[in-house]
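Residue numbering begins at 1 within each chain, and the chains themselves are lettered A, B, C and D in the order written.
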Amino acid sequence: MTTTKTSTVHDLYPEIVEWRRDFHQHAESGWVEFRTASLVASRLEEWGYEVKAGKEVVDEESRMGVPSESFLKEQEGRALAQGADPKWLPYLSGGFTGVVGLLDTGKPGPTVGLRFDMDALDLKESSDASHVPVKEGFQSRNHNMMHACGHDAHTSIGLGLAKLLSENKNELTGKVKFIFQPAEEGVRGAKSMVAAGVVDDVDVFFASHIGVGIPLGQIVSGANGFLSTTKINVDFTGKAAHAGSNPEDGKNALLAASTAVLNLYGISRHSAGQSRINVGVFEAGTGRNIIPSSAHLKVETRGETTEINQYILKQALNIIYGAASMHDVEVKTDVVGEAKTSDSSPELKVYVEETVKDIEGVDSVISDSPFGSGSEDATYMLERVKDLGGYATYLIFGTTLAAGHHHEKFDIDESAMKIAVASLEKLVSHVEKFTLK
Amino acid sequence: MTTTKTSTVHDLYPEIVEWRRDFHQHAESGWVEFRTASLVASRLEEWGYEVKAGKEVVDEESRMGVPSESFLKEQEGRALAQGADPKWLPYLSGGFTGVVGLLDTGKPGPTVGLRFDMDALDLKESSDASHVPVKEGFQSRNHNMMHACGHDAHTSIGLGLAKLLSENKNELTGKVKFIFQPAEEGVRGAKSMVAAGVVDDVDVFFASHIGVGIPLGQIVSGANGFLSTTKINVDFTGKAAHAGSNPEDGKNALLAASTAVLNLYGISRHSAGQSRINVGVFEAGTGRNIIPSSAHLKVETRGETTEINQYILKQALNIIYGAASMHDVEVKTDVVGEAKTSDSSPELKVYVEETVKDIEGVDSVISDSPFGSGSEDATYMLERVKDLGGYATYLIFGTTLAAGHHHEKFDIDESAMKIAVASLEKLVSHVEKFTLK
Amino acid sequence: MTTTKTSTVHDLYPEIVEWRRDFHQHAESGWVEFRTASLVASRLEEWGYEVKAGKEVVDEESRMGVPSESFLKEQEGRALAQGADPKWLPYLSGGFTGVVGLLDTGKPGPTVGLRFDMDALDLKESSDASHVPVKEGFQSRNHNMMHACGHDAHTSIGLGLAKLLSENKNELTGKVKFIFQPAEEGVRGAKSMVAAGVVDDVDVFFASHIGVGIPLGQIVSGANGFLSTTKINVDFTGKAAHAGSNPEDGKNALLAASTAVLNLYGISRHSAGQSRINVGVFEAGTGRNIIPSSAHLKVETRGETTEINQYILKQALNIIYGAASMHDVEVKTDVVGEAKTSDSSPELKVYVEETVKDIEGVDSVISDSPFGSGSEDATYMLERVKDLGGYATYLIFGTTLAAGHHHEKFDIDESAMKIAVASLEKLVSHVEKFTLK
Amino acid sequence: MTTTKTSTVHDLYPEIVEWRRDFHQHAESGWVEFRTASLVASRLEEWGYEVKAGKEVVDEESRMGVPSESFLKEQEGRALAQGADPKWLPYLSGGFTGVVGLLDTGKPGPTVGLRFDMDALDLKESSDASHVPVKEGFQSRNHNMMHACGHDAHTSIGLGLAKLLSENKNELTGKVKFIFQPAEEGVRGAKSMVAAGVVDDVDVFFASHIGVGIPLGQIVSGANGFLSTTKINVDFTGKAAHAGSNPEDGKNALLAASTAVLNLYGISRHSAGQSRINVGVFEAGTGRNIIPSSAHLKVETRGETTEINQYILKQALNIIYGAASMHDVEVKTDVVGEAKTSDSSPELKVYVEETVKDIEGVDSVISDSPFGSGSEDATYMLERVKDLGGYATYLIFGTTLAAGHHHEKFDIDESAMKIAVASLEKLVSHVEKFTLK
């Protein structure tokens, strides 16, 4: 069969860079990716994808850590003012900022799923003149929001790949499903897309990340070592009283929270593997001379296995409720994020290694690398695909970092996006080599 | 009316000293005053008193902090070997070591009650050659038991007074009731004698103590400042596990207890007055490499008023149960002692001041003096007598102390006993002066 | 001597109310009373007072809890925009917002000192329609600043009195010294005015407060029960690290602060009297998954005597530094407020009682009343005056309160200001009656 | 060469069992193995070994966790009364209870070292009739001392092997060195024998243990997973005070220790591997109403590597000293035990596997097995031998256990001793096969 290949990754690269810088400049944090998601949907539709967005691909009950109504409203307005596509906003409104685009070749073949995350961090970007986004004029315009983890590049890689595949549709078989996910930071979003069934028909699944300590030119065919994690917010509510005149009338929420903190860190190690506990934020009290009536903690637990994480979580909740009981204060806990552990499918890793080693710019492919004892909610998708009999892997595309992930001066070598698009294109295009094995 | 006064306090003094030294040498701690109580009962009966002992004067349910069965048995055996009166032991057996002796003059008149406590402390007496009981050969023979608070003198004062009054019965009117109380240390015994009704018929009540920082020759007509107090034992029970191989299987009682300790001391002050909390003893764990499955605390709360003590106690129990819940361990709390606050009757204090000021050896009488922020369970008796319309006071007879109360070198100037007997004899003999006012 | 009395308190009352409402509307918190102080200085000068302001009456080193340079600057601009007197701003600039006005009669006689505090609280005023300042249109225009303690009235009473006395100067003898103090809230300002020597020449001293639970028509001739207090800010600085990948590299400031909290509340009670400790505010950490590198506490200690407060403070500092050492974090403590205990001079209280009982509107004068286990830094002035041989008292002028002090709906019955001005005028005018005794 | 083999393990087995039961009956805990060591020395000498005992083989400075002088004296007396060899007691006196026996064949060849530990646990043996040592009449006679870990068997295996080799000396080459070590429990003894140089000339080293969860008939050729550990005792010393009358005069050691406990368990996990911390024993205070002036903790730290253990230990000491500083109490820490991690030499494991697989009773040989996240101080010897260029391994000889190690009903299948002696005899006899490779 003769086909006319209209574009290559080389042709598209300038546009991919442009997109990435535009997303960087209009960084949007978890569940408020209104502008980003609307533009993604708009372009996918333009390129011939069957597009779904909003509640159809984001299960309402399964979302975690969603901001307040008023903040969602305000951000939607901000997005519109910054050029969001008005056609798609009604779907996304209220924080349903997931988008799925399907390319159906009409020919028999497997369904390949690809996941790209779109959200920025709650972080103020550096205004230092040496910081490339400042120098090149694309630093974030949005207060306390910054793409300091590379999701601007992920979204752009996804778009570049989508455009390329749409132009080369004739060469493909089966279906290709693009999953653009909100709220990966805080591991809040993937669970709700899985619950909406978006990966239930996927046979071969690729998630990917750039950077993570891997040098430019290196690709990891299947990362491992994701820690299972749960994020909880804790609110203690006691009773205020004047600390001088009648302290005995108070119910001290700050003291309950301090007691919880000491005991949370003291949860026993688990002999089956690594575990973690952290209280990252503690805010309590209103005035020096008032017995504090409120205290808020941001807590996370982690485990080398889901079981270890569950063990730590169970102990943590017991401690939190016990501490409240000790001081006769009320307490409320909310799970605002959760991720699993997952391993990449060994067979799929072999296919990746064979397929991408000759891509231009690729120096080496390694079979695995720990994900830095960090967590990722793409693991929900990997696990679901594998549970249904499919294959899944988590790729890392190395790049040079100006500063570490989540740092105010984080920046990437954009050429990694070219390697990523080329690699993923080849992996999708040749997937029958894998599935026919 | 002509009477033949057979004895005076001067005649009896050598015998009183002898008794005191004998009791000192055979010191018996709370609820095991088998020898002391049996000898008291025996002598009172000999002198014509109507004597009751054991369950009739000690309510079983209201006893607090009673030692184990096996210890009670062993101590009863020890007492017998040391000369206890076998006739009375069956009444006292099992830790019912209270004795009441009634002198009924047959003439109309008020019932005067007097309380004397008999128990020693759990303390090893000094073996220093300079310590008078060592020098004079009457140091305690009983392991880890010592009269370091003066109750040996109290019992001897009571006996001296009882003998004197029995010989001078004709000069008296109404009734005189001697209450010899066990287990004042740890404030464990008075409540059970009150519950048995021993002060219900008392019109005028005297409790007394020697020393307490008052110099020899001075008498306090009515002490105040008794702190209300509750003594609790706390037992946490968790689950042992090897700290190296499977720490996550343990339930750490030591950690729960440590958490309780920090929060117990942190109970808020009360604006209505002084409060106290103390964890005096902490014993936990069996081996360095085992997650500790048991922890025992000895705790006490105090308050300037009974309400304040109840406030501290309520908080303390809440903390203890909350700490157990945090670490998923069981906990048991036992009230092993309790005392109230009480004020002496002002009218009775005036009577005391007028009556004792001319007693030989008395230099001055002061109207009140704080009881050193300590606690006393005679307060149960004072409160009961006053509640039923009677009058009650708590006297202090000053004496020179070799070392402070509860010190291993505690010793008194025995001549204070002479002043005490003489004062109490006059107070009892002239009580109609008070009641007829 | 014939004098023409130009005004009475009745004549001035409408103006006093107008001032009070103007100050209320332009509430200024501690050390930024630029508008208030400049207007006070301006008027005193207009009425013939010898006026000193700024560093001459506020010792730089002794100021406590001064806001940041940038906030001071911003607030000075705000004050100017709201009508501050530009003549006086240079004196006050940088947070030296104290003013002293001297009326020298030229005649021999004692120097009478009067202290009025001018600062508002850091509190958002209620916008409820039922709140009188809202209804009458004089609610605070300044963000998070509100006169919820009555210092707007105090300043207006001071001005009313100053105007009245200046008009009646001929009837007076000696000198009258008006001390307008900044930053009483948080007990931060008085010490610096005392250190500048403003009360060193005062023979008879009056401080006063309205409200404090005393009903309208009642005056307290000398409040007591001020708790000695110290306010400290605590900053722990550790080292951040990712809680998942390398927690062992962190130095946990939040954990150090939690440990401090539990132990601070656990400081032992003092047998000599009441004590207090409170941690009113706890703020720590930046993100859930980061070992927290900073923690800030707002702490206060109190004692029934200055010695007890010093005892608690010493223990507190020891605990704070020990907690930092445990977790290898840095710690910095700042004393941001301090007040003493003080008793009013008994002789002066008698003078007050005799003098004010017939003032119109006064129903009763009581000799003392506890100041609600609260603290006041006017005690620095009372103590200094008494130390130098003078007499000092702290008056309370009762008033009806819409809500308690420091409440967002606090409001007063303004007629109490009339009683206060009339009482103080009489006390100043007849002071020779007292000093000649 | 023709040799006359006088005995086999079968011949010796009854005697080995007899020895084991005798040692079991006269169980001696760490550093007081006076009877055991003297009998070992006596027999080795009798069989022609060059014997050294006491300070020559136990470095005084490097001993850890040595009991008090008085206890050592008392136990030496007890040992003599129970049949210790008086000839050797002077060497062992004071707790130098190590013995080394050298068999020099006079022929060239490697020096083989073998280590056997001799101490019992501080544990009361079960008196249950079903417990074999009870049934067979050899339960421990010594109060609170029990061979519940199998060292009675280890010592007997060593003696059996020594006797066997001495009789077969002619068949051997090189030297064989028997190291009988005291105080393995609490990992207190090995370091001092290494410091005395006892393994410095060893080329091939075998340590061994019976049981540890391995079934009878199985041998582990080289155990791994020993956690590095440090054992510390902590003594806090404060100041007593009456908790009612003057609590502020106390310095609360119990409160300092509780604070330490909470923070010790809260030491951060280490990302490089497993870590442990435990506070196994907490004893504090003398009486309920006394501010506690003393507190004692038994603490242990562990790490998957020596570096991790050092990290935990450093944090722990910092916490302990910080907690003392917080409460102004003194603190003293003593290292009373220490062990390293170590890996067995792979080459030696292969030799073991090949050599012992055909021994009678051996079903299988496995190449490694985790040592149950426990610790062993033979690791000091393994590490020293390997550092000097030699080979070392840690064998496990499986056996059936009546109850787990350190349990009051621990008991073994004695036939495992036969397998152990036979295996070690073959390993020693054929060592040239290994060294000549």
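The rule we apply is simple: a residue touches a chain if its C-beta (ideal position, glycine included) is under 8 Å from a C-beta of that chain, and two chains touch if they have at least 3 such contacts.
Just so it is clear, the model here is predicted, and its values are computed rather than measured.
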Study note, to complete from the structure: By Cα centroid distance, the chain farthest from chain A is B
Study note, to complete from the structure: Note: of the two pairs A-D and B-D, more contacts are counted for B-D
**Study point:** chain B and chain D, separation of their C-alpha mean positions in angstrom
**Key:** 52
Check your understanding: In angstrom, rounded to a whole number, how far apart do the mean CA points of chain C and chain D lie?
Key -> 70
Check your understanding: Among the residues of chain B, which are close enough to touch at least two other chains?
Key -> 245-247, 252, 255, 259, 262-263, 265-266, 268-269, 271, 276, 291, 373
Check your understanding: Which positions of chain B touch chain A when the two form their complex?
Key -> 245-248, 250, 252, 255, 259, 262-263, 266, 268-272, 291, 311, 318-319, 321-328
Review point. Where on chain B is chain D touching in the complex?
Key: 122, 186, 227, 229, 231, 242-247, 252, 254-255, 257-259, 261-262, 265, 276, 278-292, 295, 298-300, 302, 372-375, 406
Review point. How about chain C: which of its residues touch chain B in the complex?
Key: 262-263, 265-266, 268-269, 271, 274-276, 373
